[in-house]
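Dropping the structure in here first, questions after.
Order as written gives the chain letters A, B, C, D and E; numbering starts at 1 within each chain.
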Amino acid sequence: MDLLEAKFKMDYPGFTLDMELNLPAKGVTVVFGPSGSGKTTLLRCLSGLDKAPSGYMKIADQVWQDEEIFIPIQERKIGLVFQESRLFPHLNIQENLLYGYQRTLPAERNLHLDEVAQVLNLEALLKRRPEKLSGGERQRVAIGRALLTSPKLLLMDEPLASLDMQLKAEIIPFIKRIVNEFKTPIVYVTHSMNEVLQLVDTMVVLNSGKVENIGSVEEVFSDVRLREVIGDEQLGAVLETSVLEHDEEFGLTRLDFMGQVLNVPRQNIPVGQSLRVHIHSKDVSLSTAPLAGATSVLNILKAKVEKVGVLDPKGYSVDIELDAGRPILATITRKSLANLNLQPGQPIYAHIKAIKMIHEGEGMQ
Amino acid sequence: MDLLEAKFKMDYPGFTLDMELNLPAKGVTVVFGPSGSGKTTLLRCLSGLDKAPSGYMKIADQVWQDEEIFIPIQERKIGLVFQESRLFPHLNIQENLLYGYQRTLPAERNLHLDEVAQVLNLEALLKRRPEKLSGGERQRVAIGRALLTSPKLLLMDEPLASLDMQLKAEIIPFIKRIVNEFKTPIVYVTHSMNEVLQLVDTMVVLNSGKVENIGSVEEVFSDVRLREVIGDEQLGAVLETSVLEHDEEFGLTRLDFMGQVLNVPRQNIPVGQSLRVHIHSKDVSLSTAPLAGATSVLNILKAKVEKVGVLDPKGYSVDIELDAGRPILATITRKSLANLNLQPGQPIYAHIKAIKMIHEGEGMQ
Amino acid sequence: MDFSLMDAEPIWLSLQLAGVTVMILLALGTPVAWWLAQTRSRFRVVVEAMVALPLVLPPTVLGFYLLILLGPHGWVGGPVKALTGSALSFSFTGLVCASTLYSLPFVVQPLHSAFETIGKVPMETAQSLGASRWDAFFSVITPLARRGYLTAMVLGFAHTLGEFGVVLMVGGNIPGKTKVISIEIYDRVEVLEYTQAHILSAGLLIFSFLVLLMVYSINRRLPVQVT
Amino acid sequence: MDFSLMDAEPIWLSLQLAGVTVMILLALGTPVAWWLAQTRSRFRVVVEAMVALPLVLPPTVLGFYLLILLGPHGWVGGPVKALTGSALSFSFTGLVCASTLYSLPFVVQPLHSAFETIGKVPMETAQSLGASRWDAFFSVITPLARRGYLTAMVLGFAHTLGEFGVVLMVGGNIPGKTKVISIEIYDRVEVLEYTQAHILSAGLLIFSFLVLLMVYSINRRLPVQVT
Amino acid sequence: EVYVAVASNFLNPLKEIATGYKQDTGNRLILISGSTGKLYAQARHGAPFDVLLAADSKRPALLEQEGVGVVGTRFTYAVGALILWSLDPGRVKGGDSLAQMNKEKLAIANPKTAPYGRAAQQTLEGLSLWKKMQPFVVRGENIAQTLQFVATGNATLGFIAKSQLKDPRFKLKGSSWEVPIDQHDPIFQQAILLKPGFSNDSAKQFLQYLQGPVAKKIIQNYGYRFLED
């Protein structure tokens, strides 16, 4: 498989970036980390804007940087969306959008103005100048401009930070399409967990210029040690399911997860296609017996207790690792723990109180 | 009560802002709306940066703009955080932070450099120049700079957009403190529902330059018509509760909501103090009988069915308005609806699958 | 040596003239350039065009017209004479007036260009932080326009130092009063005193070079980027 | 009338000289200014200081040194004469060389200032979109430096038009070849033909004014803000 | 003190005279040099000159008419002589040296602005060379610049003032031909007392001194003639 290998060390007074990356050069790699952790610096090194001394970078057998070689940015065929929009003030929106497009060989162009302008909702603005745009509009132009270069590698620095959820819900599928259709690998910086969940294939967690964790989304999200970085609420299982059938009468879609069934509101996805769902550890409650009485809690998974987490004397909840074919995480209260008297290996019913479908337009904030 | 009254009409080619606002001049007014809906334009008019012809603005009996009067921005004693950080490139961070501070009468200063730098985590950067800062660092300096003018009215345009959740969790309480301690009214633009929920007292929803809805958070969030703008997932009840007691053994805090009890993980809030909680309509399930068997679903409210929503033939779920002293919204599937056979006035058990505490550091994404 | 004494005066006079002129030019050019950068008035282009005009006339000819204007019967010199007893021509003050007019474009243009490039954002931002327009101008606009000021000062100073056509005409080459170094060198060349002309020229060049080197070094040490 | 015929030539020559000089200056000044704005070399300040030096010398004196340099025995004129058969003094080419040197600071300084203000962000951005440095320079930097170019062109053109000290010395006042309008006006004043001097001056001023008005109006119509 | 405005070409002789004058009378001369045209314009517009020593007779006469000069004080203090000169020792042998110009330059002062220039033109016309010489002629702003054209090797030949050739400080070598006095209108250099000098006795005294034997000797050494010659 194609790899993106990189090794950079940059020294600023008061900050050192020092990291070695070994990523699949396909799909979306999300770079995640607190403000000032070095995300932008990393993108600058990857793009060739900054040259880390004695750095190394190789993508799909092409060496972009080593002791002797340094391919300048304009020859790397990358698309770069900066954190600030950086539009050219002397060009109107259309000219801005086409700047890189015109500098791409016609044979290599895989996107065109009309489509990009339409998806990014820029059609009415094409003749306007950047200074007459709103913040979010400018950001969208910057995204469009980078996409229109039909890059071989796309680097995006918080591209959707100033956009509302409806726009995000329209743009994210478009970004996914670029990944799937044109096989463009993307390195994507964001602070938004929703963007992470919808886009991520590989996740890189940075802190103070170092790589804290790197791996698939399942690994990273069920890593209890990353609670701080990822956020309490987001910890949990990310499961790959496939669409089993649609229940048109009740407006439900049934998903197959390792032979068990999950019911979710009707999703507009063909049967057989896969769907990623996110089950927050806080949304999993446990019971020893199935529930009596009619209830709208429709999703109950049979599982086994794998491991009861350490109860921090000052904490009020505890993480229970379950095995339902794939690891599932449940965070329950002290009181529940006392009631349940859990033992490793014990069969248990996991009530899934909420399932987050991670696909187009869903779950955006 | 002090009011902020404003009436503006601005014409740009292709966009017209036309609105009349009547807001309490206290607490946080969140301005919410899609990209390009006129949020920044509104702030520019309120601040006096732009002068809407024949506009009108009055705050707490002071007229800032009418046919004759137009108080220039520098005399309005406002704090303005722009969408872009707009730091002065020729000044270092400390000088940037102090620029407005030094132009504020010492007697009127209610915040000082040390405290602001500490809360915004800028202490290590004070001697650096803006161009050597990361995007989020710059944004924080911009916030600090505005706060240090000890303004009488604070206007903030997506101030936390590029910050990670930990920083947000530290800054939001600080902003609340400013509201509470110094009684500074804030007009706050954001796309993030979490910020809205944590800060909002009054909510203004904009669309295409017009006011779509305006009101208290309870009203706006349970307005089913705003599903599009607010986002499916966020619709629900926002309830004011107060802390009843802490259960140290099980790490629980019990909240009093109109005589009923809600159990939430131990909150670090004194008994008797109020706490706002958000119950998403999707997190409420209904049952006709109480549950049997041990369960970690601890919160069940007794309520009455108030109104069964219209079942859109193409929809797969339906909104049920409940009355539990305050309106509560439940969104259940078609299938559940069929099982439950709900009638208005019927007593019902609302299982609260998840409660979102809206206070410091909680619920940030 | 008598030689050095004789030469010190024109040099000193030149430096004084250039110094005073540059100061006046900055004081005068700043508001003009600022107005040009701010106004949406139709007159803007007219004023813009007029500012460059003094350059178009040959210095001696401009000097000739200034001589008439500043002389005892001139529109400016006449009233001044009525007030103070002497006209402006053939005086240091007259030289300053003439140099100011002639070097005006070198100061107004770079400042105008700097102010325009700065745009309205920094002023808005400063005002939003409670600064008055004056305050904001001096605490934000001026430092951001530093390169513009540098260009203006260097061009203004050097040009005043080197100019002699206008100065010769208006000042009248009076030793100790209006005989500046450029005229002195010119005279030496005229009478084929090449060696002394070379010495004076070399001195002037070296001196100016050192001054400029100093100015640019200081400028370089100050933080550069103003984006 | 014979009068008008007689006068047309110097005007035409002046315009040619100013035009050619400005073009050469832009071609020459752009790389110098760009280098100055980009380099971190210690020589930067030296070059910066040197660029302003031609201004410091009185034009006639500078002209005198150029006369030597460009003449048949000069370092430049000598080799040129050996190659082409005639030296550079007393020729249009010589005038262009002299004017170029003398007006260099007026072009380099505003461009340098413009390039420095633009900073490195636009270049970075253009390169990230696949533009080579050359391409980016012409498609992004040049338009962003428009005000700088305007200033450079106006100052360069006007100064070349008005200058006569250097031109007189190097050119030798040969009608149709090196007799430019500034010399013509100067001569008229010298020989007390004031009326004709007035007419020529007024003509030159009005013409320049109209040209400048046009230039600034076009500039104004182009989008302004470059922040 | 006397403010003396002097045409550039007479500056060096006048400096010598001034030294003598100071020794003899104790009065100091302040010398202001420039082209006659410039000095004239300045005098007309209020320059504080006591005395003008012009390079021609036209402008003093004008000043007298216009009431800036004191009527009756105008006199010719020197008559200039024209020299054809070249740096090349063998180049100039006589008037016919001009005939063999080949890609060379002939420097003259501008006939319009400088008396020596007009004299040079008349000389060439007399030799019927004026038209033929046109391609070779370069014009200096004044006679000093004309000399520089030749002295720097840019022009092979030049019509300069005899006073320049004779100037001990210039130390000019090469070959020369003195143009016979009848080949051109005489170059009368006139002096006049200006209004500001009317009340300055030293000024009048200086004008006397200029016509005295000491001054005349110096003037003669520079190759000038006098009206009486």
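Criterion: a contact is a pair of C-beta atoms (placed from the backbone, for glycine too) under 8 Å apart; a residue touches a chain by one contact, two chains touch by 3 or more.
Just so it is clear, the model here is predicted, and its values are computed rather than measured.
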Common touching chains of chain E and chain D: C
Type of chain C:chain D copy interface by residue overlap (half), same or different: same
Remotest chain, chain C as reference, centres from CA atoms: A
Inter-chain centre distance, chain C versus chain D - centres from mean C-alpha coordinates, in Å: 19
Inter-centroid spacing, chain D versus chain A (mean Cα positions, whole Å): 57
Inter-chain centre distance, chain B versus chain E - centres from mean C-alpha coordinates, in Å: 92
For chain C, residues contacting two or more additional chains: 60, 64, 121, 189, 225-227
Sites on chain A at which at least two other chains make contact: none
Junction residues of chain E, two or more chains touched: 38, 41, 145, 148
Chain contact topology (line, ring, star, complete or other): other
Interchain contacts (touch definition) - all pairs: A-B, A-D, B-C, C-D, C-E, D-E
Chain D-touching residues of chain A, taken from the complex the two chains share: 47, 49, 72-74, 77-80, 82, 86, 88-90, 99-100, 103-104, 129, 131, 145-146, 149
Chain E-facing residues of chain C, complex: 60, 64, 67-68, 71-74, 77, 87, 89-90, 168-169, 172-175, 187, 189-193
Interface residues, chain D side, partner chain A - complex: 121-122, 124-133, 135-136, 139-140, 143-144, 146, 223, 225-227
Residue ranges of chain B in contact with chain A within the complex: 12, 14, 33-36, 39-41, 83-84, 124-125, 128, 132, 134-137, 140, 157-158, 161-167, 191-194, 228, 231, 233-234, 247, 249-252, 263, 265-266, 282-283, 285-298, 315-317, 332-336, 338-340, 351, 353-354, 363-365
Touching residues (chain side chain D, partner chain C) in the complex: 44-46, 48-50, 52-53, 55-62, 64-65, 105-106, 109-110, 112-114, 116-119, 121, 147-148, 150-151, 154-155, 158-159, 161-165, 182-183, 185-186, 189, 197, 201, 204-205, 208-209, 212-213, 215-217, 220, 224-227
